[in-house]
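Labels A, B, C and D are assigned to the chains in the order they are written; within every chain, residues are numbered from 1.
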Amino acid sequence: MAKMVVSLSVTPLGTGSTSLSKHVKKVTDIIRESGLRYRTGAGFTDIELDSYRQLADLLDKIEKTLVDMGVQRISYVVKIDRRIDKELFIEEKIARAEGI
Amino acid sequence: MAKMVVSLSVTPLGTGSTSLSKHVKKVTDIIRESGLRYRTGAGFTDIELDSYRQLADLLDKIEKTLVDMGVQRISYVVKIDRRIDKELFIEEKIARAEGI
Amino acid sequence: MAKMVVSLSVTPLGTGSTSLSKHVKKVTDIIRESGLRYRTGAGFTDIELDSYRQLADLLDKIEKTLVDMGVQRISYVVKIDRRIDKELFIEEKIARAEGI
Amino acid sequence: MAKMVVSLSVTPLGTGSTSLSKHVKKVTDIIRESGLRYRTGAGFTDIELDSYRQLADLLDKIEKTLVDMGVQRISYVVKIDRRIDKELFIEEKIARAEGI
């Protein structure tokens, strides 16, 4: 069960390289290790969450890890789909968008 | 002082009207009453915040108010600019973008 | 080859229902029929594109279809990753984020 | 008159500095010189536009200028509010959000 599906994009700024794979991979590791249900996309990672607090805790972990890698500025883009009338699931949202 | 500038867009879905002014005004009221430094734009409201937890608490308040108005689904878009190397201020960011 | 990966979210407003599956499925149909390489996510659809004009043409088609369905207001969120130094591919971006 | 209000954020990647003021100022210059009605925010610049093609042309100009400055990767976040039932104005949207 999930009360919201959050689509998260994390971009470290000022790293001096157009390649951000190293940082993005670390962010994926943190999400995976958190035990949350997620799915990686090209622009955003979809994550099933149950509260805004849970999102805040995840962002804290991501910031800590990136700062440990030397990052001094982070840009996040977050889209939250929060339904009160029913549970949300990543796979169900995708199946419906595909008309399956 | 602020550790991050958050640009927040809140859209209630399924309200049955193309006009969302009533809901958007309520969201602005919540931000104003929270005592945070903010600035309303056409697409996003910029807010100075000090932690992701503070953002989570604000989203909880917004959700509670919209649900009390009968809203059953909410779409948020959030851009977070988090600098570790210096404090961020809404007015300073705008002045620099304008080249003032 | 693709010069940019665009992550696109399309939300019809004022439809009177919290369910948007019918509209979202139509948008996916348009993207599929356009022959572009794409991948559906829960929050965004990733699309490989070669110019901003191509994106504009796609948005025109989407608007036309939604308006034909009776939609009177549309909210789009678009993230564009544009690299000048190398070609971008959806699958490669995902593989790198997953550390594969 | 404007058929859409576009909120635009432009971030050059791989510049090697956490400060992006120089690039952001250039983007504001391009928007100003284009003669479009706009308003600078901390996270996004709101712009009144009449077509997706007009947006594509603006992004082309911005890319050209940033590439001339040496930028090799650009991340854009774009929110488009498109109403078919009425004209949109930046100032009116802000006034309504503020409850004026």
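The rule is simple: a contact is a pair of C-beta atoms (placed from the backbone, for glycine too) under 8 Å apart; a residue touches a chain by one contact, two chains touch by 3 or more.
As the structure is a prediction and not an experimental result, all values here were calculated from the model.
**Q** Go through the assembly and pull out the chains touching chain A as well as chain D.
**A** B, C
**Q** Chain A to chain C: how many Å between their CA centres?
**A** 19
**Q** Measure off the straight-line distance from the CA centroid of chain B to the CA centroid of chain C, and report it in whole Å.
**A** Chain B and chain C have C-alpha centres separated by 25 Å.
**Q** When you check chain C against every other chain, which residues touch at least two of them?
**A** Residues 18, 72-73, 75, 77, 79, 81, 83, 85 of chain C each touch two or more of the other chains.
**Q** Pick one for the touching-chains graph, please: line, ring, star, complete, other.
**A** Per interface graph, the chains form a complete graph.
**Q** Please give the residue numbers of chain D that touch chain B in the complex, ascending.
**A** It comes out as residues 5-7, 9, 18, 21, 24-25, 27-29, 39-46, 77, 79, 81, 83, 85, 90, 93-94, 96-99.
**Q** For the complex, which residues does chain A have touching chain B?
**A** 51-53, 55-57, 59-60, 63, 67, 71-85
**Q** Would you tell me which residues of chain D are touching chain A in their complex?
**A** 11, 13-20, 72-73, 75, 77
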